[in-house]
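Provided herewith is a single structure, encoded as structure tokens, for subsequent inquiry.
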Amino acid sequence: MNKSRLEAFSDGVLAIIITIMVLELRVPEGHQLSDLLADWPKFLAYVISFIYIGIYWNNHHHLLATVKRINGSVMWANLFLLFWLSLLPWLTAWVGESHFAAVPMSVYAFDLLLCGAAFSLLEQAIIRADRRNSLLAEAVEGSTREKLSLAGYVTALIAPLLGVLGVYLSGLLIVAIALMWVVPDRRIERVLARANAQTNE
Amino acid sequence: MNKSRLEAFSDGVLAIIITIMVLELRVPEGHQLSDLLADWPKFLAYVISFIYIGIYWNNHHHLLATVKRINGSVMWANLFLLFWLSLLPWLTAWVGESHFAAVPMSVYAFDLLLCGAAFSLLEQAIIRADRRNSLLAEAVEGSTREKLSLAGYVTALIAPLLGVLGVYLSGLLIVAIALMWVVPDRRIERVLARANAQTNE
Amino acid sequence: MNKSRLEAFSDGVLAIIITIMVLELRVPEGHQLSDLLADWPKFLAYVISFIYIGIYWNNHHHLLATVKRINGSVMWANLFLLFWLSLLPWLTAWVGESHFAAVPMSVYAFDLLLCGAAFSLLEQAIIRADRRNSLLAEAVEGSTREKLSLAGYVTALIAPLLGVLGVYLSGLLIVAIALMWVVPDRRIERVLARANAQTNE
Amino acid sequence: MNKSRLEAFSDGVLAIIITIMVLELRVPEGHQLSDLLADWPKFLAYVISFIYIGIYWNNHHHLLATVKRINGSVMWANLFLLFWLSLLPWLTAWVGESHFAAVPMSVYAFDLLLCGAAFSLLEQAIIRADRRNSLLAEAVEGSTREKLSLAGYVTALIAPLLGVLGVYLSGLLIVAIALMWVVPDRRIERVLARANAQTNE
């Protein structure tokens, strides 16, 4: 099975997800700056989701750089990830329109949690698909960043239901986790570099 | 004629179909969990259609892996398949909004039947386009799974019109056929493997 | 300048145009077959436009197969073609919603005329960009089919304004021109085959 | 890191941005030519934005032709550019629906200013990512056209707020800057040609 069509399909889906979100930014009713600024929650939600999709595209890119062989499980694990990412435009619009109400925030964090879990499943499926390629297994083993993110998402999903302060905490956590992932997985880069060095010796 | 642009165009269309369906999931009116859950039929229909498009992408991918030469008939058979698949987002929204009413279910099954028939036509067009390549002809000859699917779709299209129980039967059949196709065509993989083995002897 | 990104961008735009048209097929209000069938003009317009985009994709594909070098003029001629094609989803919805009223039919034919003219301009820009490659110049010189199409579009654009019979004539012409182009440009295939034969002598 | 997936993702996003703008051209209410012509401001805004996206695609294409190595900064600078470009469909609809009111014009010019600034940042990130490749550094150093554009955008952003004449000036400047960029960066082409000549000596 050919990894290039998997990459092309995933790039296509991620490009569409990141772009159609703008269709949920309705045109302001009036023609004043205040009409534009009144929509700031939708705009802020758009920015956060744009950054998340960018991060997933970047890490997906890194992850597949280590892959030589794929199989049906990898294909379905990849679709499972794309499914949860595909819900982001819809939930972004809900969060924005509700001006960051508790339940939409919680559901948004729940979707991010499932995206994160699906990414871990995809890593596992890739490792199982090609046991001879131990690079990725070595690189992702015991990732602190992944564990921190999952714990952060769970907190961000529960907190909004506990009161107004919880909504702020949830927003802060979602932004903090994004910042944590802006730099892609250096472990993968290190392991790839070491493998190259060994080949050249 | 070049098969890579056919693959790129098909990947693009399938990536867009699978993603724009989310635009039909309207943002819930209220901000409570009950407002979200009230839309469960639209969400369930979205999940089923997402899986179907994923299956078609996967099998399309397998089918074209066996191809060396294409011609105008293959191009039009491919567009015919993409046409029926392109109607899925629209019919998914109708099925969901109607809360699985009889006629929308029946029309949805009818569209799936035409997608299945178009896929068979595409297989035939590919076999005719390159008679020297007998791999695919051998692989798809007398496919039990294809015949079962077509019979299942016809039943799923008639049943809803016969009463409420028929709607449930139709839904079960549509899910069952999807499960049957989650594993892509092993016949193609077996025949490709055998061909590789012969080359290496 | 690199022709592969021009192909990739054009494939992307054509894949999106052909797919987003389905967003203009609104979900039927009721749940009966009659509610679905009431929208037949929108569906018929969708089918025609789908076929036209398919034809343009196919012929664009053939046209670029002859190309080795592109330049800025080719890039802008290509964007000019994509511009007029990008209006088809919007005009398709207007034609369908108006149940084939005179002015929408006429404007639709006008857009097809501009698509056809833009395709001819693109052919000329490609010939000028690479004078050493005389294959295409030979192939498209004095194309009867192109001249017939342009005359047909002009008639299809004027006829609806002259009465109800003119609307039917316009519809027939639009379908007839599409049928005329279902088979892509054999002149290009012939000239390419001859060039290959000369190389092999 | 692989530049081809960056190109593929950017082509995808730009193809979607340029195409979904047509979804904001609502179908005219009536069936007369006057109903169509009443929407001329939306159509004119669509044309201008279509040309701008075309220019960015073309220049992005040129810019990446000089690149051998990319890194995380290039990836984020590229996403930053795509972010501001992704807002164009939304602001195009606002400008058109408002019939070129002062604030929408000013916000549209502000977005173009940020697109231009993001493009310059992307150039700088690419130069820093690959210091051995001095081609681009040489080509973009002290670009008069970039400085003129940024000054033009700032004027086009302030002018509409000063009165009706300012709106016309802003529109003229936006069209004039587009015309200035229709020809892609010849400096890059000259420097690439010189580099090729030196290699061949």
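Going by the order they are written in, the chains are A, B, C and D; count residues from 1 in each one.
Convention: contacts are C-beta pairs under 8 Å (C-beta built on N, C-alpha and C of every residue); 3 or more make two chains touch, one makes a residue touch a chain.
Since the model is a prediction, treat every value here as computed from it, not as a measurement.
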Rotation, 0 to 180 degrees and nearest 5, that superposes chain A on copy chain B via CA atoms: 90
Remotest chain, chain A as reference, centres from CA atoms: C
Interface composition of copies chain C and chain D: same or different, split at half: different
Geometric centre distance via CA averages, chain D-chain A, whole Å: 27
Averaged-CA centre spacing for the pair chain C and chain A, given as whole angstrom: 38
Residue list for chain D, restricted to those that touch at least two other chains: 8, 12, 16, 20, 23
Complex interface listing, chain C residues touching chain D: 1-2, 5, 8-9, 12-13, 16-17, 20, 23-24, 72, 75-76, 79, 82-83, 86-87, 89-90, 93-94, 97-98, 101-104, 107
Of all residues in chain C, those that touch chain B in their complex: 7-8, 11-12, 14-16, 18-20, 22-23, 25, 27-28, 31-33, 36, 47, 50, 54, 57-58, 61, 65, 182-184
